[in-house]
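Next come two complexes, and both contain chain A; in the first it sits with chain B, in the second with chain C.
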Partner chain A sequence: MDASRKFLFTGSPGVGKTTAIRAISDIEPVTTEMAASDELAARKESTTAALDFGEIRLDDGERIRLYGTPGQRRFDFMWELLTEGAMGVVILVDNSRPDPLADLDIYVENFGQLIRDTGAVIGVTRTDRYSTPDVDAFYARLGAHRLMLPILECDIRERDDVTLLMDALMSTIEPESA
Partner chain B sequence: MAVSEKVDEKVSSFLEKQYESLFEAVPGLYGVLFATADGDPVSARLQEGMERERLAAMSSSLVALGETMAKAADQQECEYAIVQNSDGYVVSLRIGKHLLLSAFARRDTNLGMLLSRCRNTAENVSAKLKRKPGNAGGSK
Partner chain C sequence: MTRRTLRSVNLSRREQMELDLLLSLVGEQEGDQWQLVNRIGADAAIVDADAETAGQSIVEARRAEEVVITLSQSGGDGEGLCLARPLRSQALVQVLERALQRAAAGGRGEASAYRLRRWPGTDMLRSEWRLTRVCGALGRGPQTMSDIATRTSIEESELRDLLQVLTGAGCVERTAGSARTRERASWTPPSGLFHRLRARLGRA
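What follows is the complex of A and B.
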């Protein structure tokens, strides 16, 4: 087993990528927040402009490095940079946004090579208040991309939920250990 | 080379003066960009072929990383993020909490002059925004 593995968290602006990393990181996460001025500003004061970084330290000494990407498409150059060496990606979709399925398309398309080369899991957030589209609709949309990936409804503030996403991701990468 | 539509006429005229002053004072300067702190372009005067949207987002990432690295190195406020290349300089700095300035210059540019004039411009814009809150996308 590698002494260190790298995984990405990506997804819609404001979905909670930084929060998700914070929920499971064993170190104080590195963040690069800048004041928000786009449509996100109504909900959040700041947004990630470069990357987030956190780390899970396992008992056997292995370190799992967690990188969060900026959500906005204008930062797609960071998406490319951060993909280098990654062994899988957690895609978070905010169900309260106007078109969550279109949001899914953006990240599935932009991280398509990484998803096919490694593995991915989809986390759908805020489903407690926004029940549509439902999980079946997300599976159908993934099917249109010829992808079969785990999809989980989650509250990314909860460590257990984020851990579940990571477990699902590991299972897609290492099916023998599932 | 036009000023962004995101700024009103008075601010546009003010920024034009800032561009004139900067380009005149810093030989070798070939691009100046104002952006929101989170990487949206506000106004720019760039050489043809330079992508303002991309450069605005990169300016945001650069300054954000610079500030994060300063903290990690137990240093204080990041005053400039400077990229020194074989044939030029990229300098990015904050204008208060909500705006950034990036300047692009050839390598024969006097770096000290570039930094000081960028700082002067940032201070001018900051002072202008304080007098006219809500303009130039900088005062939310």
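What follows is the complex of A and C.
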């Protein structure tokens, strides 16, 4: 199997990387968990401190791998390893966090080379309850990075929304429709 | 005085009434008398570009050889056939004049480049998957319609409609500057891979 057939899902801890992968994966995502000893324990029952892995199986048997990066910054040494051979990255931003725009900065900067070499999409979650910052603010922040990327409000529990993220991501890389 | 017909698509009842009133006032001043109709095949169609089905409505109007005018909150870039809410008589007159010119010229003369200001929202992308292709192509920098058609493999006649939707939604604007593209550093996906993946995800 060609190891280069992969996409990355990244974002802050608890944003829903595992959930997003599960929404479109043809296998149940493999998740390695470890107990959180910091404030993350207050946010969710479990936290991912290693890789999430999912897979989309094409009709011709080819497999597209979906990797969720560890969210905590103390594991950011793994981010560079994971970018090798990746076809693009889905950056998920949780709008309920104290500073979503600063979160965006972290992932845009750390995955900047991958973004420039391939493509990326920004998925902003929990906007139904947390409407600010709005999408315009995210575009302004991306503009400061000299980037134009799709920014989509999404519910990553919904397959349709995650599918839309993937379609937008692929369009930033290869817009051809056929 | 020449009689022209204008079909409204997805406008609210109130907006239809406002449009009807404006058309009657405009007709008293100008050479053409526009009448609001419901039947497809009018001289022009005014489409609510904020509606989820805007893309589809525009395609249907074009197939009926109606000149398409879009109405939206943002109103686009002030060029072309885009109107901003609320309707104003002067803007309506100008757009109707351009619509007649466009009809006479066969809709040609679009050598200027298009620039992406932002991607449309998820509702619009859900309703018309080709919008992601157009925005993806424009993400590399301002491009002419011909360039976009080449990159996306979308026919120019359909691409015109899509660009009008995007312009009406404030996502795209025309630029007088020369088209330039930012080529990606080194990587292209294996041939056909993304098409197969999109098909698998139901987005092809």
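To be clear about the criterion, the second predicted complex is superposed on the first by the 173 of 178 C-alpha atoms of A that agree within 3 Å, B and C clash if a C-alpha of one lies under 4 Å from a C-alpha of the other, contacts with A are read in each partner's own complex, and residues count from 1 in each chain.
Going forward, a contact is a pair of C-beta atoms (placed from the backbone, for glycine too) under 8 Å apart; a residue touches a chain by one contact, two chains touch by 3 or more.
These figures come from a predicted structure and were not determined experimentally.
Superimposing the complexes on chain A yields a three-chain arrangement in which chain B and chain C fit side by side.
For the superposed model, the angle subtended at the Cα centre of chain A by chain B and chain C works out to 170 degrees in steps of 10. Legend: residue contacts after superposition of the two complexes on their common chain; A:A137 is shown touching neither chain B nor chain C.
In the overlay built on the shared chain, the residue A:L164 is in contact with chain C alone; chain B does not reach it. When both complexes are overlaid on chain A, the residue A:D117 reaches chain C alone and has no touch with chain B. In the superposition on chain A, A:I106 makes contact with neither chain B nor chain C. Set against each other, chain B and chain C differ in how many residues of chain A they touch, and the higher count belongs to C.
Within the superposed three-chain model, A:V30 lies in touch with chain B and out of touch with chain C [touch as defined at top]. When the two structures are aligned on the shared chain, A:L152 is found in touch with chain C, with no touch to chain B. Residue contacts after overlaying the shared chain place A:Q72 against chain B, while chain C stays out of touching range.
No C-alpha atom of chain B lies closer than 27 Å to one of chain C in the superposed arrangement.
Chain A residues in contact with chain B (one complex) as well as with chain C (other complex) do not exist. Listing the residues of chain A that touch chain B in their complex gives 30-38, 40-41, 46-51, 70, 72, 74-75, 77-78. In the complex of the two chains, the chain B residues touching chain A come out as 36-40, 53-54, 56-58, 60-65, 67-68, 72, 97-98, 137, 140. Residues 5, 24, 56-60, 62, 64, 87, 116-119, 135-136, 139, 148-154, 160-161, 163-164, 166-168, 170-178 of chain A are the ones touching chain C in the complex. Residues of chain C touching chain A in their complex: 116, 118-119, 121-122, 125-126, 129-130, 132-137, 139, 151-154, 184-189, 193-204.
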